[in-house]
Structure formats: C-alpha cells, structure tokens
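One chain, chain A, links the two complexes that follow: it is found with chain B in the first and with chain C in the second.
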Partner chain A sequence: MKLTKTLMATTALTVTAGAVLAQDMADSMTLVSWGGAYQKSQVNAYADPYKEMHPGLEVVWDESSNEAVAKLRAMDEAGNVTWDVVDVVASDALRLCDEGLAMEIDPNEILAAAPDGTSAEDDFGDLLVGDCFIPQIVYSTTFGYRTDMVPDGVEPPSDICSVFDLETYPGKRALEKRPINNMEWALLCDGVAKGDVYDVLETPEGQQQALDKLGTIKDSVIWWSAGADTPQLLADGEVFMGSTYNGRLFSVIEEQDQPVAMMWDAQVFDLDGWIIPANLPEDRLARALDFIMFATDTQRLADQAKWISYGPARKSSAPLVGQHAELGIDMAPHMPTDPNNSQNTFLYNYEFWADYRDDIDAKFQSWLAQ
Partner chain B sequence: MATYTLTHVEKKPLSFSVPVLAAAGAFAGLFIGTAQGSGPIGFVGGAVMLALLGLVCLTALSNDKEKIARWLILLGMAAAGYAFGALPGLVVGALFGWFFGWFIYWIGEGRYRANLVPYLTPGQVLWHYSFRVICGMIFFFLITPIVVVMPLSFNAENFFTFTPEMLRFDPAGYSLKHYRDFFNSPDWQQALWNSVTIAPVATLLSVTFGTLAAIGLSSEHVPFKRAIMAILISPMIVPLIISAAGMYFFYSRLGLQGTYWGVVLAHAALGIPFVIITVTATLVGFDRSLTRAAANMGANPVTTFFRVQMPLILPGVISGGLFAFITSFDEVVVVLFVGSAGQKTLPWQMFIGLREQISPTILAVATILVSLSILLLATVEVLRRRSERLRGMSPG
Partner chain C sequence: MRPFHTDKNKFDKNKDANGDTMSDVTDATTAKNAPTPDDALRISDSKASGPVLAADGTPLKKSLKRALRAQKLRALALIAPLLIFILITFIAPIGDMLFRSVENQIVSSTLQNTVVELEDWDPAGADIPGEPTFEALYWDLFLAAEAKEHTKLGTRLNYEETGVSSLFRGVGRGIDDFGEDQVEALEDFDPVWEDEMFWYTLMSGGDGAEQNSRHLSAARERLTTLTTDDFIGSAGFVPGAEISELLPRTISEYSTFALFTVFADEDVVAEEEPWEAVKVSLIQELTSGVDLAGYSGPGAAELRAAQDMLADQPAIDFKQAFLDDDEDWADSGLWETIKLYSPPFTTGYFLKAVDLQKTVGGVEAVPDGEKIYGTLFKRTLFMSMVIMGSCILLGYPIAWILANLPVRTANLLLILVLLPFWTSLLVRTSAWKVMLQQQGVINDILVWLGMIADDSRLVMINNQFGTIVAMTHILLPFMILPMYSVMQTIPQTYLRAAKSLGATNWTAFWRVYFPQSIPGIGAGSILVFILSIGYYITPEIVGGTTGTFISNRIAYHISSSLNWGLAAALGSILLAAVLILYWAYDKIVGIDNVKLG
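And now, the complex of A and B:
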C-alpha cells in the first residue's frame, strides 16, 4: 500500500516536472531496433556520435523490431508507450501508419536537406513510402551458397532457378517460412515472365502454381524465421544454399571468413527505416525529432555503410560510401544497389502484399503443414 | 559389484550368444552408420562384424586367451575409428572396443547371471537389464543437450558449429573469446547487473510473504484454507504467458510497467508458490507443542517465531528461497512484458541474441548459468538432508 502511494507520488512529480520543462528535450531515449550487426552499425554511426554531442543523454536499445507492431498495439492499449524511435521494415511502417500508431511526418520539415541543397523529399525520392516512414537503408533478400558444396565440374549457381534445380545442385536449401519472395521466385522459375508475376499471383491458380513449384523442392527445404538462421545453417554446412538478408551474408563471407558466396540474381529489395510512435509527450517527441534529424542526414547514412553492407536511402549518400571500418575493404561492390549486383532485381510489392498477404499466408501455412 | 557370485556361471551355447551379439552390433552400427551417411549399411555391417568377432572369441580365444582378445578388439576398433575420423574417431573407437570386448565375454560366458538370484526366469533377467538400460537412456537424453553446449562455448568461430579444428582437439579451434565478450560487452554486463539486482530482492519478498503464508495456512483455525492455498499457488499453474499479459495491463495502469519495482513484484509473485510449498512441507514435521511451550514460558509470538520456529524450518525456507531465486534469474516471459529495455535481464538478452544473431556468447553465458544452477541445487540437496536429520531428532 505504502509502496503504491510512494510510486504514485513519484509519478505525479515526474509528470509535473515534465510539464514545467516541456520545451526541453527528454534526457533519455529508447530506440528500438533488430539487434545484431545491424544494430551495431546504428550504434556506431548514429547513437554514439549523437551521444557525444549530448553528454548526459541516456540511450536505451530495445531489440524488439521483430514484434514492433504487436508491441506498439499493446502499449497503445495500455496507454503506456515507452518507445521513442522505432526501426521497422517499410511494410510494418505502413501498417502502423494505417492504425494511427505511428506519427505522420512531413519529410521536408523534419529531415535535413542534402548538402547541395536538394530537399529531403527529392533526396529520398521514391523510397518515402507511406506518410509515417523515414527510410534509412535499402537491403535485399538474396541467396548465398557454400562454395565447397558445388558439385565437381558444375558451374557455381548464378541463376535464381538453380534453387529449384535439385539435379544439378543437390543439397538442402534454407527458405524463409513465409510466402513473400518464395512465391515470386517459384513463379519466375516456372516460366512466368517477370512483368506478369503479380498478375499471376493474384489468381488462386497462380498461387497454386507457385506452391506446386515450391513443392518440387519441399523435401529439401529447411524453413527459417530469424535472419541469423541461414548464416548458421550455411556455416554448419547443413544447407547448400539459403536465402537471407544480404548484410548477413556479407558478414558470413567477409567478416567470418566462411566458404560462402553470393548469388545476387533476382534479389528482392526492401526498405527499412524509422517511425516515431504517435502521441509522444512533448519533451520526448522533441528529443526523437532532434535525433532523427541528425541520424538521417547525408553523412550519417553514408557512415552506416561502413559497418554493414546495406545501401543508404539518400541519393546524396551514395557517393560518400567508403570502406569497411574494420576490414578496410571497399563497401560499394557489396551493396545490393551496385550495378553488378542489381542486374536482375525485384522490389518488394507493398500494395500487392498488403492486399493478399492474409489470404496467401493462410494457404502457404496449410501447404507447409501437409 | 559384488565379488561373490550368486549363481553358477556357465558358458552359453553359440546359438544364443551369436544372435544376441549380432543384435547389439546392429544397434551400435545403426548409430555409426547414420553418422557416416548410411544407416542400413551400418546396421548390417555392425551385425555381421560383431557376430564374427563373437564367434572367433568364444570358440578359438576363450578362457586364458580372453585378455589378449579383449586388447585386440580394443586396438582394432580404435584403429578403425582413427581411419574414419582421426583423433575423435580413435577415442570413440577405443571406447566401443573396450565395451564390446567386455560385452562379448559377458554374454558368451553367461556372466550376466552371476549377480542375480538363481531362480529368475530368462524373462526376468532380460527385464532386469533392460530396465537399467532404459534408465540410462533417459539420463543420457536429459543430460546430453546441456553437455553439448559446454564445449561449443569454447568455439573459436562465431557459429554454433563443431569446427574440424575442434574435432581434431586442435587448440587453435578453441578460445575463450565468447567468455571475454560476455565480460566486456556493456549489453551483457548491464543484463547481468539487472538480473543480479532484481533476483535477490524478488527472492527476499517471496521468502517473506511465502513463509508467513505457509505458517498461517498450516494452523488449524484458518477458514477457506484450501481456496487460499490454491490462489497463492496459481502463478505456478496458470500458463506464464497469461500471467504475463495480465500483469502487463494491470501494471501499466498502476505506472509500474517498465520499472524496476514492477519486475521485482512480478518475479516475487512467481516465486511465492515455491516458498509456500517447501515451507509447508517442513512445517509438517514441526511440533506445535514447542510453540505452546514457548508461549507458556512467556515468549510472545514474534519471539517464538524467531527463536523457536524459524531455526527449525530454516532449511525449508532456504530451499524455497533458492527456487524463487532461480525462477527470477531464469525467467524470460514475464520480464519481456512487465520490463522495458532498461530492465533487460540475462535470459532476455539471451533470447534476443538467439533470435537475432546466433552467437556462442549465449553458450558461454549458458555454461556459466548451468554451473551456477548446479551449485545452487547442490546447496538445496545438502540443506534437505540436514532438514531430514533435524526432523529425525525432533521429539515427535
């Protein structure tokens, strides 16, 4: 009883103090991200320099981006949003925006212009999807394979359809446990032209066609759900080839020195970036906006690419991409957007998957269980 | 092993020993064959090999040549193992050789009956040994996953993989870098610090409330005893995820969600049932007339509790406290809901690490935690024995 009273008193005090100092920025900030090497790149490129500019600021990282939508919903329902800036993939940002859980933004107002004066809106260009999303990186989902498991006398795989070719390339494959990307790849390798993939996938017959194609390799597939799974399976030699995010493969190949190579064919581009939760108290919102302004400027986005092989979302950052901070190798050739790597690419089709995701998900899951 | 024999041992006919040995060989061969890529070949190969070995040993090499034969089998299998899998193969082969050398004569000479009473039927003899094998298997399957983790935590690579260097016992394949990572990384240290500050306070609360509740519930005049007991024990029975979601919304309204005290209170609630159960069990052996005697001599209830009752039930209190401590220390579901990123505990950090980057640092932490748990459980066991001794001495 006494404890509750004390706690309530302290809460009341904090609230009043907050009201008095409303113009000031909060002195602690909770950032939500994905953990692992990706979060490390954000700590190095954004959070540490920002903390140097603002000594006394406490930055707390929460590795919850994976379940950001569900958690934000729960926080909103409980009336207790504890996050300030949240890193999510573009499709999650769109969902949060639709549900009113993310704050709508005006890019030209809250984001810095490029050094040459180009407005933020033009600098980010098409990548500004939705009204709430602040793009940060372009990443891709693509395949890596064990170089030492390529059969003798056979060319190493360089074509997406080698994933479905068990005769030439025997061995297990790791695929993500969801229909997105897998369905597109399956249709592409079942004779559907690239431009028609989504038209075909709209129809139940097309969906069945994709599942049937996946069915030809189903017995050889290990399904993954976390980005770290495929690197582990490849390092183990448990699978011959597997899909995952290109930054994970870069880490396996260059940083961990494993006998793995990239197969960039038909890589699927996707975007990742920040959202600010809706209805933050003023002091925390001021802090979040200040951080976002800093962390998404041209130089900071280019800096992040020193730590991880994801392409910066600003056009003006691309020429500034330099070398890996520890390995000293040029990062440009490892970017998914590099011309050599992006000869044949897909862009995650947000509209299609927003409309069909639930339906196809259900079909895919029941197909998996068969 | 007894040095005397209960039953006269005599040599078994080959029509019995050879099939039994073949079956054992097939069983072992199945495992080795599967590990090498083909189960059926291992199955048949193992059966044929052991049948032949048994035949030779039990006819040509029996009696005084037994020692030589067993050494030959050991060396032969070790050499075969070395040919297949270098140093680790050698060790495994030698172990197999040692076992089968013993097994062939144990079966063939009928020694397996030596320590059993003579009137057992063959079925009973079979059951006697299968029972032991089943118990051994259960033990094996419980322990192996934990044991496998330990060497992996000394991996020099950043993956959960036994590298070829590790299997060759090459020192270059091992390193302490994941332990260094644990002790140097601010994230892990913060998580350790959070766990270390949350668990003892939660334990203290559980022990205090749990002990008081147990004492109250064990006196005769409390109404609705069973109902109250059931409610207090419920955190142990209700699925954790339900308690966690409920606490999340309740604590959010109170302003406790995402605070240190919120996590402590939630963990205390989870720990109380353990304390109640252990203390109630200790109280069964506690003689009520002692408190009446103390009261008779003028001690008030508080003095009676601390001077008479507490010392006698202390082992139960401490073991309940240890369980409460382990509960809080190992708990991940509730803290994910009730805590915020500022209260990230060790299990939470491990959960994140496992999902986002499969790093052997988790295994290093797991090894440390397992050692800690073993230590704590050993303490509980010692205390339990002491409690039994004390109960035996108390007048009853």
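And now, the complex of A and C:
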C-alpha cells in the first residue's frame, strides 16, 4: 500500500515535471532516418523509451536520409523546415554545415557526459567531425564473399587485394558506383603505402593510377548504388564478393543464414549521426535538444547495438554492448570496431572527399561510361 | 469557343462577299425591285456604306465583340483556378529552377570588395593579385565567416576549382587571427580598446553629436546583399559625423558589426566588443597616416596615443597572413576561377553541361578523361528512340488485335495491358532483374535446355540491353492505348471494301488501314519518347554503366553533389532537345495527325 502510494506520488510528480517542461517543448517531433533495420534499431533503442518518458509526444519518422541534403536545402529555400532531427552520414553533415543548413553544436553543452564523468567531447573523441555533427554509430564499408564459390584448394580471401585478383578468385564483384573507397582500395593494391594514399590520390596521375587498377577488373564488376544491392547479389550468387555496409552483411550472414562470410581487411570506417536543422523555432529546438541529449547518452548508444551490428560512437558505450535482442548472439565480435576486425582499417577522409569529390567523381563517371 | 469562331468567320465571309459584289447588287436591286430574303443586308449595305446595326441600334460588329468578350471572360474565369494553380505550383518553380542554370550571384555578393579589386587584375599575367586584393578579401571573408556564408561560396567554387571548399572552410577558422600581433599590441598598450562602451562612444561621437548615417546604410546594403535577410529597423547606433569623415573604413566596419550584432545575433551594440576586423581597420587607418590633429571628439587622446604607438609596429601583411593560413592562396588557378565567376550570371554551367569549360583563354573542351555529358545525351536520345521503336513493333499487333476482337474479350485483354500500371514501378523493374540476371530465370531455362553452357551465361542486365527491355515493358501501355483507341475508330468495312476491289491482304493493310492508324502511332510515340527521355529509376536500377541516362546525372547533381546550377543546365538542354524534336515531328508528320482517341 505504502509502496503504491509512493509510486503514485512519484508518477504524479514526474507527470507534473513533464508537463512543466512540455510547455516549452513542442509536442511532436519529426525524425529523419534511413528506414529498414537501421531505423528499427533507432525506434527500439531511442524513440520508444523516449516516448515512454514523455507520454503524449508524437514522433513522426521520415525515411529521407538518402536525400536529406537536397531536401533540407529545398525546405530551407521554401522557408518551411519540417524536420527536427535528421540522421545523416558524416560527409553529408559536413556539407549541410557548410551550406548553413545544420545548426552548429557545442558537444559538451548539448550532449550528456559519460557515466564516469568524462566529458562528451572526450568520450566521442575524434569522431566529432565538423561543427554540426553529433555522432551516433561507426559503420564500415567492407567486403563479403560467397563461401561456396571459393575455388577448391584455395584459401578463402582475407586480403583486400583478392578483390583485384581475378585469377585466384574468379567471379563477379559488386562495387559501389562512386569513387569513394574504390579509389583507395585500388591504390592500396597497386603498391601505394596506406599512409600515402591520399597524397597520391590528390594528383591527376594518382587518380589515373587508381582508375587503371580498377580497369583490370572493370569487366567483372556490377556497380551498385543502393546498400541493399550487394546483399541481394550475394544471396542470388550473382557475385562472388561485394562491398557494402557491414550491418547489411551481418543480416545476410546471421539473420538470413546465407553462405556468406565477412572480409574485414581494409574496411573503411564511416560515421552516421544526427544533425539539427538550423534556425528551428524555439519550442521545437528545445524538444530536439532534449531528445538528442537522451538518445546519445552512453546507455542508449549501447542499446542500439542490440538491434544492429554498428559500433556505438562513444568509447564509454563499448563495454556495455551485449547480445542481439532477437538472435541472442554476442554482438561485440560483429562490430567493425572489434579488435579482431579492425586490424587494418581506413577512416573515411572527410576533408579530402569534400574537396575532391566533384572532380574525381567526374573522372570516375566518365571512366565508367567509356 | 469553336462554334463562335466558325460563326464569326461565316459572318465575315458573307459580309466580304456582299462587299465585293456591292455595286452589282445595288444595280440589280434598283432594277428589279423584287423582295428577296437578303434584302435587309442589301439595304443596310446600300445605305451609304453605314455599319451593320444590331437590334438595339449599336453597330453589329461592336455588339458582337462585346458578347464575345463576355464569353471569353467567362471561359477565362472558369479555367482561372487551374491556370493560377499551374502557374504558381509548376511554371514558376520550373522557371526558377531553369534560372539557376545561369545564376551566379554568390561570388559577387560574398566577395563584394574583392570582385571590385579583381577587375583590374589580368589573369593572363604571371602574378597573383597583390596586397590590396588580399586586404579586400580579408574584409569580405571576415564578414562572410561571421555570417557563415563563406563555406557556401567555398562549395560553389569547388565545383570549378578542386580544393576551394577546404581552403575557405580553413580560412573561416583562422581569419580571426589575422593581424593578431598588431591588435594585441594595441590592446596591451591601452586596455580601453577592449572596452565595448568606449568603442561605442568613439564611433557614435558621444551624446548629441552630429550624425552621419551614410556608412550605416552602406553597411546595411552590404549585409542584405550577403545574407538575403533584411536588416531593416533601428540598430541603436548611428555613426558620428566627425569620426565618419576621419576614419571611414573603421566606421564602415563598425556599422556592419553593429547591424549584424543587433539583427543577426540579437544583442545590444554598446554591450558587445567589436570584431577583430573593426580593430584591424582602425589599425590600418591609423598607420596609413590619418591626421588626427583637428579631432576633438570622444577618445581623441586614446586615438592619438594609439597612432603614435602603432608607428613602431610592422604593418599588417594580409597577403602573408593568407599564405600562412594556406599556401594554396598563392595558386593562380584559384584567382582565375574567382575572376571568371565573379559576374552575377555565368555560362559556366551550360558549358560544363556540354563538356566544355571556361578558362582564362576562352572556352575549351574538358580533358578527354572527364567528358561525359555529350556521351550521355547521345545515349539518352538513341536509347529513347530504340525503346520507342520496340514499343511500336510490339504494341501495334496487340492494339490491332484488341481493336478487332469482340468488345467483351477486348476489355479483358485491355485489363492485361493495364495490369502493369497497377504494380509498383520498382517491383516491375526488380522483377526484370530476377528474370534477366545471370542466375536468373531466363538464363536458368537456357542452361537447362542446353542452349548455353553453365559457365557462359548471358549478360542481359546492368547494361543497355537490360534497360531497353525493362523500359519497353514499362512504357508499352502508353503506346498501346492511343493506338487502340485510334484503331477502334477505323471501320472494318474499309478493309473489306479494299479487298473486294481486288487488293491483296498486304495492300489493303498498307494502303488503307495503316495510314489511318498513323495518328495513334504518332501519339504513342510522342508519349513514349518523352517519358523515356526523362526516365530515371529504371536505368538507375538495371542500367549498370552503359545503360544509364542523362537523368541519372541530373539526379546525382540535385540530390548528391548539390550542384543545382549544373543540374538545371542539363535539364534545360534536355527540355530544348525535346522541344526541337517536337517541332521536327510537327514539320515532318504534322501535329494535327496526333490523336489520342
């Protein structure tokens, strides 16, 4: 009885406190994400618990992250930004920041400190790229291959250069239809040292060298443009190996049980996270900030890893990563950041690609069309 | 509208006819004097060439015109909602989008001073611009960085010159420190230069001083041009007249700072310490030997002391400051690009859209390794033609059968034709992937039949072939429907008549039936061709590298690279190509020959 009373009193207090706060905060919020398994992980780890804390809050999901940059720019020009928190990859966040479409943030002010008191800035560390980006997960673009298509008597591929080795590993490859990552891998397998890749890629000769290397396998490549392509091509046996996001490969291997294995060598780390559109009205901004504070704390980031095999962006979240919520397998070995998987890695070079993307993409597309 | 035109024409014709024969008729009337039905007209004509009158006495022409005008207005009022709707939601945005293909104001509105300085600079010369240009660039970029506009310009110029993006982003972080030594020396010499109230009094000339708002309005215009926000209203600051005469540069920078503080940051001018750029401009003016002897306003003593102190300091070297920030500022390519793109309108996007580029020496072709748009335009036109052709070949027999079957059966078959319409486009396209891929249905069947070996399966998807097959399937209903509705109107008796007159089957078809079905082919062809020329999703999914269209590049520039100017230029060219083809069609076949039913 006493307990019930206390509980009721606490609930009443919480509700009152919530009501007071809610006066300053908008009672609906539009979140933008990628859809699919990734958005599901966000709903489970962030949005549902947050809604429980704030009954009456309406959360709308918009699956537009793929065109977030263009749409946000169009909304801004129309003077009617309807999004409150937008999930984008780091390179898009940089672009939005440059265009003045994303709000600049002070990580220590708007993000929670780690449970042990480490400041948010130190907890996220180098992953805070740009002035507007709030990191959420580390994912990687890496290769998966069909285990049943490895020729007899040959070791399964474990080296990035096996992608370019058609003699030992015949079969089609799936590569993304853009220069980013492909150019780096090509140079790496053409004898360029890992530390020099971007210095070489800055020069027209280096770009040609990379294209020439890619040219050696051009006839055996199927170029993909959506993240779901490679898993499908692998499942159909259309390709022997292909690059895609590691979470997609996880679901092909563990959830769909296909004869596919990971090849983590030279995986390219990339970041995905939130931005808040610039110039939001005060009540909506207050709501967005409140949600961000909650959704990027140590426990929440670790929770997301229960649903998808992407590494949490906070150092303090890593030890909390547990088991998959449905499959019950340990998630740590499937994280791109796991020490066994990350022996040889790249970090997406945001500054370089912000500068060279247009130029190299023109050459790459011209080369593709030839 | 139509009956009216005809009536009016008829009336005009009658009148003309009467007019021509007027003299004869008049003679005849007077001679014969027998009443005829058109007597009234004749009489009115004969009456000293007076105008034809309506019943109420007004000239018929006038009253007819009035009636017509009322009709027209009523018709216009009826279509007005749709017209306005289309104008606002369709024509205007498209016009705006196309306008972006030449619009280039961002350079001149962000680098307002630099652009003026660059007018006299000769890009063909060996040297990069000198100190005055770099100083102008400092004023421009400092303000742009405060307003966070510099990275937008960086992105814009990066489309033309690789590396500008990070150059501008970097200088935005470092520009606060330019002239740091001198500013620190000033502040160390007298802390009053860090005092916001002192600055405010100095710049406004103190209470009751004579005011001069010329610099303030100039600053307002500068900010409005830069940010597109308006800075209208009271800033709580007006420059003093005396100090404006003495230190115009500083006043101008301070006015900009004041307006920005009030309207963008929503703070109070007198409570904010001025930007570094204001202090730098003061240092520049004091060291350039401004004569303070006659000045007696607020801060006169501090100004004189500062001038004496600064005389011993080295001058601020803006060029060196930029070069220390990043040595790429010495790159002549960068300055050529800024100069080339400084006019408010540019042909740059259109040139790029046809694989050309602007250079100092004029227009040049881009290097072979970067040419792409010409290929894509040609490919788009060619493949659209092929798709249109295969739609005609496949659709004609189906439409013929549909038109010649009993209505009940025809309707059933028509539903089969329409069925793909009711399936999602993505599903239809993906289904073709399943059909055509190397481990797909068709290849499996061919291997099972032993027609091809297992290790030499046909490549039928992710190339031109795949795109043509999938798009022909998707667009086929657009060809069949107009053909069918035109063929339905061709009486079968014509064919029978032709045959009964001795024509062979072929002659009857080719000479009698086919010419009558051409309007349907024309309508279908126009529909299919125009739809396919702008198609995007299907080529993206099944096109691979050899089957993609120009629209895929447009989509890339709209949604990924954000180069909307180039996308708009590509879109304009596509639009022009379609219009030219439409015109050619009109000339060759005649647009009157198109029927949708």
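Note that the second predicted complex is superposed on the first by the 347 of 370 C-alpha atoms of A that agree within 3 Å, B and C clash if a C-alpha of one lies under 4 Å from a C-alpha of the other, contacts with A are read in each partner's own complex, and residues count from 1 in each chain.
The rule is short, and it goes like this: contacts are C-beta pairs under 8 Å (C-beta built on N, C-alpha and C of every residue); 3 or more make two chains touch, one makes a residue touch a chain.
Here the structure is a predicted model, which means the values were calculated and not measured.
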Which superposed partner A:Trp367 touches (first chain B, second chain C, both, neither): second
First, second, both or neither for A:Thr82, with chain B first and chain C second: first
Touched partner set for A:Asp236, first chain B, second chain C, both or neither: both
Touched partner set for A:Gly227, first chain B, second chain C, both or neither: first
Which of chain B and chain C A:Trp34 touches, first, second, both or neither: first
Contacts of A:Glu99 with chain B and chain C, given as first, second, both or neither: second
Touching both chain B and chain C, residues of chain A: 66, 236
Parts of chain B lying in touch with chain A, wherever the complex brings them together: 157-161, 187, 248-249, 252-259, 261, 340-342, 352-353, 355-358
Parts of chain C lying in touch with chain A, wherever the complex brings them together: 148-149, 151-152, 154-155, 158-159, 162-166, 169, 369-372, 375-376, 437-440, 462, 540, 544-546, 548, 553, 558-563
For the chain A and chain B complex, residues of the former touching the latter: 3-4, 7-8, 11, 30, 32, 34-37, 39, 60-64, 66, 74, 77-80, 82, 226-229, 231-232, 235-236, 256
For the chain A and chain C complex, residues of the former touching the latter: 66-67, 69-70, 73, 95, 97-100, 172, 177, 208, 222-223, 225, 236-238, 351, 354-359, 361-363, 365-369
